[in-house]
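Take a look at the structures below.
Each of the two complexes below includes chain A, the first together with chain B, the second together with chain C.
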Partner chain A sequence: MAHHIHIVKVHHLTLSFPTRKDPNPKPVLDDVDFGIRDGEILGLIGNSGSGKTMTSLAIAGLLPESASIVSGSIKFAGKNLLEMNPKERRAMLGKDIGMIFQEPSTALDPLMTCGKQLEEVLTAHKDSSMTPEDRHKTIISMLGTVGFATPEEICGRYPHQLSGGQRQRVLIAGAALLKPRLLICDEPTSSLDTVTTVSILGLLKDLCHKLHITILFISHDLSAVRGFCDRVMVMKDGKIIDKDTTSDILNNPKNTYTAELLTNARLDTRILGFEPATVDYSRSPVLTANGITAGYGRSLFERVKTKSADNNILHDVSLEVFPNEILGLIGSSGCGKTTLIRSLLGLLPHSGIVNIKSSSIGAIFQDPVSCLNPAHTIKWHMAEALKASDKLKAFAGSGTRAERNSRILARITAVLEECGLGAEYLLRHPKELSGGQRQRVAIAMCLIQEPSLIIADEPFSSLDASSSAELLKLMTDINRERHTAFLLITHNIHIVRQICPRVLVMDNGRICEEGTTSDVLNDPKSDCTSRLLEAERQIHGV
Partner chain B sequence: MPNTHKNRSPEASAFYTAGLILLGIVVAAFIVSLFWTPYAPDATDAASKLVPPSLEHPFGTDNFGRDVLSRVMSASKYTIFISAAGVAIALILGTVAGIPAGYYGGFTDRGIMLLGNSIMCFPGILLALVAVAVFGPSVTNVIWALGLVFAPTFARVCRVGTMEIKELDYITHAHVMGVKPARIMAFHIFPNLVPQLLPATVIGLANMTLFESGMSYLGLGVQPPDASFGKMLSDAQSYIRVAPWLIVFPALMLVFYILGLYFISEGLRVSLSKGGK
Partner chain C sequence: MQSKAGYLTGKLIELILTLLLVSLLVFTAFSIIPGDTARVMLGPQASESQVDLLRAQLGLDKPLPVRYGEWLWGLLSFNPGTSYAYNMSVSELIGQRLPVTLGMSAIAMVMVIIISYPLAILSARKPGRLGDQICSVIGHVLFAIPPYVASLLLILLASSLFSLLTVGTYVKPSDDFLGYVGCLLLPSFAIALPKIAMSFKFLRSSIIEQRNADYVRTSKSHGLSDLKILVRHVLPNSNVSSITIISIILSDILGGSLIVEQVFNLPGLGRLLLSAISRRDFPLLSGIVFYLALITVLLYFISDIASSLADPRIRLK
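Showing the complex of A and B:
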């Protein structure tokens, strides 16, 4: 079988980051040994920090300067990559090995049109026989291949004029232009919504067959791997602990860690034992929003250019959140979910009424990297949250400064512990925490203010399966024990189905469907709900 | 992840070492001069005019018979004091103006930046010279003039950094928690500007020293009989053929100080840009 010719052979690769203090640290990659067969799609899964990205960077030759390869070799089509000089390796990059990154918004130069950037790819690998017209033709046909209906138009656009999914397509087109033999995709879909993810995965699979490209697909999203990869490898702590065909790994895992990963990925409340509180709808809601209309201001130039008055993103949105409730809000990207919560939090001027029953609402955001201030310790963050709320006096009470401080510290420690972080985290800085831990600190900062409602904007999307499961458990625990209501914005319908008694569906700045979760998701009445459900079905291969 | 421990690159270490050695020479001269100089810096000695460097006068003497080593040591005091005080003023003014400009944007931003840009559109040294000429040459006036001239540079660094940081989630979060704007600027934004302000401060010190020397050279800075590097250079000009040591030693000290600062700022740049994300 042609399938068994290895295009890449990684042979007992060990890699570490030695420092002057610690010349022999724990390796980041530990005796990694695998082959990628010609023409296959190989999935590489594992939690964050397991070494997936380092493996791909090692193959592409893009390792950070401080990394050192302790032992092992990487062979690409028979040639040892580690013995080649940097010039030869650079020539291979793009031509033989292509790469697609996670974040499509920063991978394109904002000052160059898409056509120009794609042309750059062709001119960088000089092929003197090509005239500019030839290059243009190649680019147009490639943009057509990646699914653009009007490639000429896309060519002249700047990156900011494209959506996330379109940008990712342009990047894929750029990678495929040189027809590389191996395409490394590092979490290409994790910042995209379900509908776009499905189309991008379909496109990659298509390219794999049409152009005979081998794909190394790195992801922490197990559902994306399911219908897409031929074989899957599981990584943990820099080691490959399991590899097999996709169906074997995902349907009857033999390794206990793989099984645990799968359970977490399923986020199944029955297995994990989460249970949200029951909601009493007769009580008055904690948050009432009525007829919210909001949008972003336009520049003077735009106002002159297009006369239309309507630049609003939200149109007459009304919603209620009841005490104890976890209200789900779903919708494809760009439908106005984030604008809605910005309006609810009072960060964006809007018309309409927002009524909040208690003094504070908490918020947690999508990106765990920027949710905490890198200049301060966790203790400072907690103290700051307490100071900002009007609860400080109540907790500190009277007495000397030392007494008050010790009471505040006790309170901070208690809340952190509730969120699963021990006292040893008090003096750490955000950069020493993982993404999941940072999100938990963000929740703890909300909790210390004792809000009646916490708005969570896609808190799971950049976390791996295990951290998501832990965060979800924390949220349901808080909901049950403290009776805090949540407004959960997510594109993961699976989570909504399990913990939200009620759900709202948004489309184009309007709420197009509202009702109990089982009603909405089992019997969708609007087009956009069915579209979301259809995409979810495809991705889970159900 | 790697690099959780302080892991200084060898490149940065080399810059730091070189910078600290050069700077150390000047600072050591300054500290010693506070307690002791071989001779009184302004004591003249008619018997030993323009004596070349010898054991008695290691750096030689000038046309009044004053000991050059003593004068160089006491001159370092003014150089360090004026540059430090001037940068402190510029830093405080720049931060206080730049952070609100970046944070609020709109008219606040335009107003503050208009002021800053109108200072910046004149050559700095010209503006400082005019200010000193109007208010009279004295060390205090030089410090204020240089502080004002340099403030817009720091304001710009702060403004741009603030505009970047205020869009991040932790600032939004602080906002949602109900932290007041002044507190957000002082405790949430400012500490994150330090990595950008630090190299700017060091470069500012070096540039300010050059300005101060230039002004003293033109006679508008430190006034006689006090010694300053710029003044010493301008005095030595007429004796350059007969007594080159009058030029060499103050000039060397000036070079050491400025080069030392540049090396340190380069080291800061290398280590901060690699360590920080």
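Showing the complex of A and C:
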């Protein structure tokens, strides 16, 4: 193999978070040793908590104050970064090392126009030769490079006036403005939909070639590196356990853990064993929605001012969910999926009819972190869910208070166990659980009410591949054993393909296509389905 | 999309409706309280016919809606009638006393801002450290002291220990402006103390929250210095929420000053209000209450406009 010039060389790096109680805790990064070659795109893959982000922050010098580097060194273009003082390191940020992050919606200051925020990158690195006009020109040309047709207009916009994908482009422009040699991308696409993801990955690849920027690409999704990264490293528990070219990793994994990640990422039905129930379409549906039209409220004065303006997000949406069915609902961001759910759940005023056959309908949402009350235990959450349903009396039965309580506790324990959480979780608080476990609690809270339908709004989007696969298995098990129907909203077409017999495609607040999954996905009739499929194909190569 | 002018018009209409509602409440409250003004003014010895005559003179025999209309018109044209007790125009009476109350509130507000802002910024730099904890404890203590207790303590301190500031005398601003400020310093401080604690606590947590925001991380990755991040990003963002709190504090201060005036023996609106209540002086009482409400509602209006200037998301939803 030819000799490669390494732009970054991480040498036996060990990092931990010592506290007063525990001065020598288990290291977060354990003897991490790798190099980033000049001009390459290096993928860093691992489940949440594996130490990917800490590795990138260590290179950038943005580690939290409580972190301490126990041993090792990081060299950037031959200079030892750990020997530099904070001021010298700060001078490198933006100029030599650029970074973009996961959540573009909050990564820009909401009070400042995009142009002003980009200008700060230039003014932070005092270059006296630059006049304000030069700065403006540089920004405009960079905004053009990242794919904005009207850069002048974007300059004057506030972040809330841009979409998620547009914000990520602005952030990429900011990171690439001074043409750094290294660009660290920490899950830049995990909160974006498939179509936007494809375009952002294309842009990053473009920047790599045009501006000769080396990229460290961090992701929890092994399938996202296909066709994008040159080499891939796999991290687990703070160690790098596998390192190879992308094609070798994807096609011929030597490490068993890498193979497992790959199985989870591909959602291989035969290995993981998803068996959704069979659906009988002749039975009457559990949920019927007819002609739903809804939008977000305007204040009294706005309504007086503009009477006729159509603010509706949903236009005449009708759907049916049959017993036992896992109905998929796909569409790009902003197409009205979440608004539809809110209308179905009765959380949003709407016109049209929603008919639910059973007494209760459960819901789980995208972000398991903020869905649970941090002040209370899991047992409390379950008891609340039980109290909220009309099933409490049926489970508690008669008898003394103690007898009733013990029956309720037994019921809670049984449901939690069904969701894969043992009795030891009863007294834990949400912050002691991982994202996947919290999502299980959310499902358990639905199940205890014995709903005939659970609406799941992108339950996988904040989970890594392994947790997603486990959660998906749980959902199909529940579907098979309890005959609970699911309405699954997702941007992952791959999941729909695996477990949904029927699928709806939404675009611009309307349902543009509906039918059995194989029909819709193999022979799309509408443009929006084709667009989604094309994006899917580019990312996963399916 | 909503325009700036549209937002302003909407807020103005809200303001006017609120004021109308306030006026209706004030008028109804004073109309249903028991007691006959004419009887109180003339004393128990007066005959029934004398009382009726006075009632007609004061316009108290007219039907309620007419009285409400006349009263409201008087208020809006800044001529809310003549005080029964002082036999002077109400606007003149209020005009005499307003400099005391407003001056005190303004000085108290300035104190709140110049003390709580720097302390909050320093405290939020290293949350949980010793300095931060000391500030927090002092803040809790101050928060728990009601203004009239603080007033008494301050009078004691100022008169016995320092004898620097004059207590209990009032100097008109037209006579000696520095003297006017001087005699209001102590009472203002007494009102400001708990508000300083309140505003400090709020600002501190809001700055800490903003320092952990994602855009701060972005700015760090752009290579900005800590000071620049604080001044350009953290403070403006924490100001968006502080504006509302500051306006609440300001209206609280206005209310608080009414009591402190009593303790410091200052001829402000608070004492006028008390005497108006005890003498059933309806024109004076309703005038003071309405104009104080007007000032409060205007404050909130200004704070709404200020918020919309500070936060583009409010004006362009």
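Convention: the second predicted complex is superposed on the first by the 527 of 542 C-alpha atoms of A that agree within 3 Å, B and C clash if a C-alpha of one lies under 4 Å from a C-alpha of the other, contacts with A are read in each partner's own complex, and residues count from 1 in each chain.
One rule holds for everything that comes next: a contact is a pair of C-beta atoms (placed from the backbone, for glycine too) under 8 Å apart; a residue touches a chain by one contact, two chains touch by 3 or more.
This is a predicted model, so every value here is computed, not measured.
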Query raised in the report: After the match on chain A, would you call chain B and chain C a fit or a clash?
Result: clash
Requested in this report: Based on the superposed arrangement, let me know which partner A:171 touches: chain B (first), chain C (second), both, or neither?
Outcome: second
Query raised in the report: With the two structures laid over each other on chain A, which partner does A:294 touch: chain B (first), chain C (second), both, or neither?
Result: neither
Report task. Considering only touches as defined above, state whether A:21 meets chain B (first), chain C (second), both or neither. Result -> first
Query - Which of chain B and chain C A:107 touches, first, second, both or neither - result: second
**Report entry** Touched partner set for A:345, first chain B, second chain C, both or neither
**Finding:** first
Query raised in the report: What is the contact status of A:378 with respect to chain B (first) and chain C (second): first, second, both, or neither?
Result: neither
Query raised in the report: Which bits of chain C are touching chain A when the two form their complex?
Result: 2, 6, 9-10, 13-14, 213-215, 217-225, 228, 232-233, 236-237, 240, 310-313, 316
**Report entry** Touch list for chain A against partner chain B, complex
**Finding:** 17, 19-22, 25, 28, 49, 64, 66-67, 345, 347, 360-363, 365-367, 370-376, 384-385, 387-389, 431-432, 442, 445, 449
Requested in this report: Please give the residue numbers of chain B that touch chain A in the complex, ascending.
Outcome: 1-5, 7, 168-170, 172-179, 187-188, 191-192, 194
Query raised in the report: Okay, in this complex, where on chain A does chain C touch?
Result: 60, 62, 90-95, 98-99, 101, 103, 106-112, 120-121, 124-125, 158, 160-161, 171, 174-175, 299, 301-302, 305
